[in-house]
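Next up: some structures, all given as structure tokens.
Both complexes below contain subunit A, partnered by subunit B and then by subunit C.
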Partner chain A sequence: MLDGRTADGAAISLRGLEKRFGSLAAVDDVSIDIESGEFLALLGPSGSGKSTILMSLAGFERPTKGQILIDGVDCTPLPPHKRNIGMVFQHYTLFPHLSVVENVAFPLKMRKVAKSERIRRAEAALKTVRLEGYGQRAPKQLSGGQQQRVALARAIVYNPRVLLMDEPLSALDKNLREEMQLEIKRLHSELGITVVFVTHDQGEALTMADRVAILKEGRLQQISPARELYERPANLFAASFIGEMNQIPVDYDGGVVRLGGGQAIALPQEALVQPVPPGKAVLAVRPERVRLVDATSADALPVRLRDVVYAGAGTLVIGDLADGTEIRARIPSADSADLRAGTTLHMGFPPGAMLLYGGGAA
Partner chain B sequence: MIAEFFRPDGRHLSKAGITLLMLPFFALIFFAFLYPLVSLLSISVLEPQPTLENYRKVVDNPIYLTVLLRTLWIALLVSLLSLALAFPVAWLMARSKGPKVAFITACILLPFWSSVLVRTAAWAVLLQRHGLINEGLQLIGITSEPVRLLYTQGAVVVAMTHVLMPFMVLPIYGALRNIPADYARAAAICGANPLRTFREVYLPLTMPGIIGGFILVFLTSLGYFITPALLGSPQEMMIATLISQQIREYLDWPFAAALVGVLTLFVTVITLAFSKVFRFDRMMGGAA
Partner chain C sequence: MNSRSLLLNAYVYAVLAFVLVPIIIILPMAFSDTNYLTFPPEGFTLHWFGDFFGNSRWMKALRFSAEIAALTALVTTVVGTMACYALVRGAGRIGALFQGLLIGPIVVPHIALAVALYLFFQKTGLSGTVAGYVFAHSVIAMPFVVFTVAAALTSVDPALEDAAMSCGATRFTAFRLVTLPLILPNVLSGGLFAFIISFDEPVIAFFLAGIRDKTLPRMMFDNIEQNLTPVIPAIAVLLTCLSILVLVGAALLRRASVRTTAAPAQD
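Coming up: the complex of A and B.
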């Protein structure tokens, strides 16, 4: 454990954040309240503004509009070196002319901590990331994962109350990445620090974060805990960005949806995450919630099978509805033994599995 | 056959291939540098008969040592001035992108399109009694009559700096360009203000480039001939001028050779001293 650490992470509040590069709004009116000690993931496709938000938090980008409050204090005009924030970058940023322990002690040197004290604290921070005894090495003598751990130690050695990470694991291979995810989670709960973590790996976001913020073209799409994000995505973008989602064009009359093939399905009230006006709409169902049913079942939809893809425990079944809309189902392989492409079978959607979104398909 | 030797497909070169590639270079070094140098140095101790007399002459007469020390001093001034001027340019280049870099590089290399002689003559025109600079000084009232600018040590230093500065810019630029922008960000977020970031990160990482440029300019300055001969005062000679004078005016080859010997000794000692402290293989950039 690091000594002299302050109790908890800071609360962060982004208010109407906007960053324009010329006519392009890299970040567009984003407001997020991050609780003290929370682990927030920023998730979105490339160019959605994740890094720009992080850079604004760190002070490397000056927002064109809006405010950044850290523990209620407006930090928007503060330069990075005065923010007392920890940060781990995507690429290895250990200084090559300093040894590992000197790298970790660097922030303490900037804070005028006496030499013996800063070496002691740097060694302690190295211990926290399980790199005891590596202090005298040059950064280049460490593996990629070890280098990122040193970078992590350097980011926490001065007990910042906020830790920012911009795709810190993207340069690592899969096994190392999973190990580091656990390491970061452990540190987070040990230190109680507020973490903002940028990634475009949805699995990483869902497993690590308390809440995930989804971004698209600079705009915040949804911010919720992982389960809610997956089960009740706020809009079609969030729905299709996280995991797989069947999207079936329908006509909605306020209570019942009518599919292209003519079948009608009565929707429960919970199917509407947000109000949907009558008219064209999209019915969304996760493939693993789709069921194979008897032709006689009330909700049976005839599906012509196109592909049956066996993948160990589960099997992916791909077929077409009467109007040609593709539909996918993931079913246990035990139930799929006698499915053949080219045949017709029936699928049904349990009431709790259906979500309805207004407008056209994403 | 050729492909077997030089392996353009990326495989390692064979010994024969390496030797063949290096051959022209070593031949040049041998015939155009080592052979003349050794024969010159042998003149200094062998003629008219085996003797150290020529070296004693160099050491005995304080004038010659003064010239040598002055040469070292001017070379140092030129190197320091080049460094001071070159660093901001290299910094700007490393910070710019695309066409801007090409433009700055062109500006730096443009003088190479004219000979050293032309550039030196240009300084003579500027610095002369009724030259642009003297007229300008009088116009803005700093002096009331022309001051002596030409044929001074100052003129030599300024003109040599002008000619040699590019050799300082390029290695420093190489070193700076290899420092990722994220290093500065990492330093800043660690609490380093811009000045500290420069001192703690940029300066140490650029040091190989600085040393490289410094050695290049310093050693070149030591042997500089045309510029000091044309712009300097005859009373404040540099060693190259002295050597040429001994050869052409007094036809004293053995003594000139002894002067070359002393200069070579100095250059060797300085180079070795530097290479003890700094690694030459990093000279051309390669910060990380």
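Coming up: the complex of A and C.
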């Protein structure tokens, strides 16, 4: 445990943040309120503006419009070294000419902490990231995962109230990444620090964050806890960006949707996350919610099987609806033994699994 | 060994011989026990080295050259490192323009540069002054410093300075404590090059020399015109040794820089 740590992280408020590079808006009117001690993931494809938001928070980018408040104080014009924010970068950014413990002590040196105190606190921070005894090594003697843990120790050694992470695990291999995800989560709950974490890996975002903010082309699409994001995505982009999603073009008359093949399905009210005007719409269903049903069942849709992909516990079934729309189902492998490509079977959507979005497919 | 590589080897040795023979010929002439230059040398004496070190005019020229060379090294490393930082880290077309201009002193004949500086210094009163020499030698030494430092700076991740700033360092402190130590071997090596370029420089010195203060190469020219004694090859031997020392020093420094900036271990 680190000395003299403050009990909780800072509250952050982004208000109408905009960053333009020429005519291109990298960040376009983004407002997010982050609670004290929250773990927020910024998730999006490359070019979505997630890194630009983080760099604005850190002070490396000056937003063209909007404000950044940390604990109610406007930090928008402050340079990075005056923000008192911890940061872990995407690449290994340990100073190669300094030993591990000197790296970790660097922020304390900048804060004019006496040398013996510096070393003591740096060793304590190394212990927090479970690298006790590695202090005298050179950074390049450590593995990638160890280097990022040293970078983490360096970012928390001065008890900042905010920790920013810019895809810190993207350079690590899969096993190490999962181990580090748990490590960072543990540190978060131990330190009570506010964390803003940029990633393009949805699994990482869902696993680690209290809330996930989805960005696309500089605009905030949705900000929700993981479960809500997955089960009730606010729009088709969020729906298709997180996990897999079947998208079936339909006609909506205000209560019933009609598929291309002519079948009609009555929708429950909760299928509409947001109001959808009658007309062209998209019916969205997660593959793992699709059921195989009897031909006699009321909601049975005939599906011509194209592929049956066995993958251990589950099997992915890919087929076409009557109008040619591709549909995927993930079913337990125990139920899939006698499925053959080329045959026709029937699939059904449970009422709670259906979501309806206005407009065309994404 | 096939005939092609045999030819290539012969060619390489011919070029090496062409470069080295003048140096090898001048070396023994410095030890010749005659009052005039002769090859092969007759006898053996260290008399000419003693003549050089015992002569106050030679020593004055040596001190003057050393002072100018040291100041040139200082000016070019400070200004050159700053310029290099702007070139490597800065963005935009101005950087590319400066990079082009920097090659200028290498491609423009020194005689042209010397005439231009001579006319300019006549007007500004810099002729024959230490400041004038340092200015002129800095112009010709600058590209070597900038390119030497650039080689190191491009291999230093700019994110290191961002990391230092996120730790609470100002941009200058981040440069001083992180980037500078990493490029220091190349900065020093660039400084050594600047020193030797200035120390050996004859053409500009010829135009800028005042009546009293002359650099060592200029004094050698004067001496050659008046009485050609083996003190000239003796000085040449000393200058060659200095150059070799500087080259070895620069090579050692660069090896040190490779050690500190080498890639991290992979998992």
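The working rule: the second predicted complex is superposed on the first by the 362 of 362 C-alpha atoms of A that agree within 3 Å, B and C clash if a C-alpha of one lies under 4 Å from a C-alpha of the other, contacts with A are read in each partner's own complex, and residues count from 1 in each chain.
Keep in mind that, in the parts below, contacts are C-beta pairs under 8 Å (C-beta built on N, C-alpha and C of every residue); 3 or more make two chains touch, one makes a residue touch a chain.
Nothing here was measured: the structure is a model prediction, and the numbers come from that model.
Enquirer: On subunit A, do subunit B and subunit C fit together or clash when superposed?
Expert: clash
Enquirer: Among the partners subunit B and subunit C, which is in contact with a greater number of residues of subunit A?
Expert: Looking at subunit B versus subunit C, the one contacting more residues of subunit A is C.
Enquirer: Does subunit B (first) or subunit C (second) touch A:P277, or do both, or does neither?
Expert: So A:P277 meets neither subunit B nor subunit C here.
Enquirer: Pick one for A:A58: touches subunit B only (first), subunit C only (second), both, or neither.
Expert: both
Enquirer: Determine, under the contact definition given at the top, whether A:G255 touches first (subunit B), second (subunit C), both, or neither.
Expert: In the superposed model, A:G255 contacts neither subunit B nor subunit C.
Enquirer: Does subunit B (first) or subunit C (second) touch A:L172, or do both, or does neither?
Expert: second
Enquirer: Check whether A:R154 is in contact with subunit B, with subunit C, with both or with neither, and answer first, second, both or neither.
Expert: both
Enquirer: So, A:L142: does it touch subunit B (first), subunit C (second), both, or neither?
Expert: So A:L142 only meets subunit C here.
Enquirer: Would you check which partner chain A:G86 touches, where first means subunit B only, second means subunit C only, and both and neither mean what they say?
Expert: A:G86 contacts both subunit B and subunit C.
Enquirer: In the superposed view, which residues of subunit A touch subunit B and also subunit C?
Expert: 58-60, 79-81, 84-87, 89, 91, 93, 95-97, 106-107, 110-111, 151, 154-155, 158
Enquirer: Sort out for me which residues of subunit C touch subunit A in the complex.
Expert: Going by the criterion above, the answer is residues 157, 159-160, 162-171, 173, 177-178, 181-182, 260-267.
Enquirer: So in the complex, which bits of subunit A are touching subunit B?
Expert: Residues 58-60, 79-87, 89, 91, 93, 95-97, 106-107, 109-111, 151, 154-155, 158.
Enquirer: In the complex, go through subunit A and note every residue touching subunit C.
Expert: That would be residues 58-60, 79-81, 84-87, 89-93, 95-97, 106-107, 110-111, 139-145, 147, 151, 154-155, 158, 164, 172-173, 176 of subunit A.
Enquirer: Okay, in this complex, where on subunit B does subunit A touch?
Expert: Touching subunit A from subunit B are residues 180, 182-183, 185-193, 196, 200-201, 204-205, 287-288.
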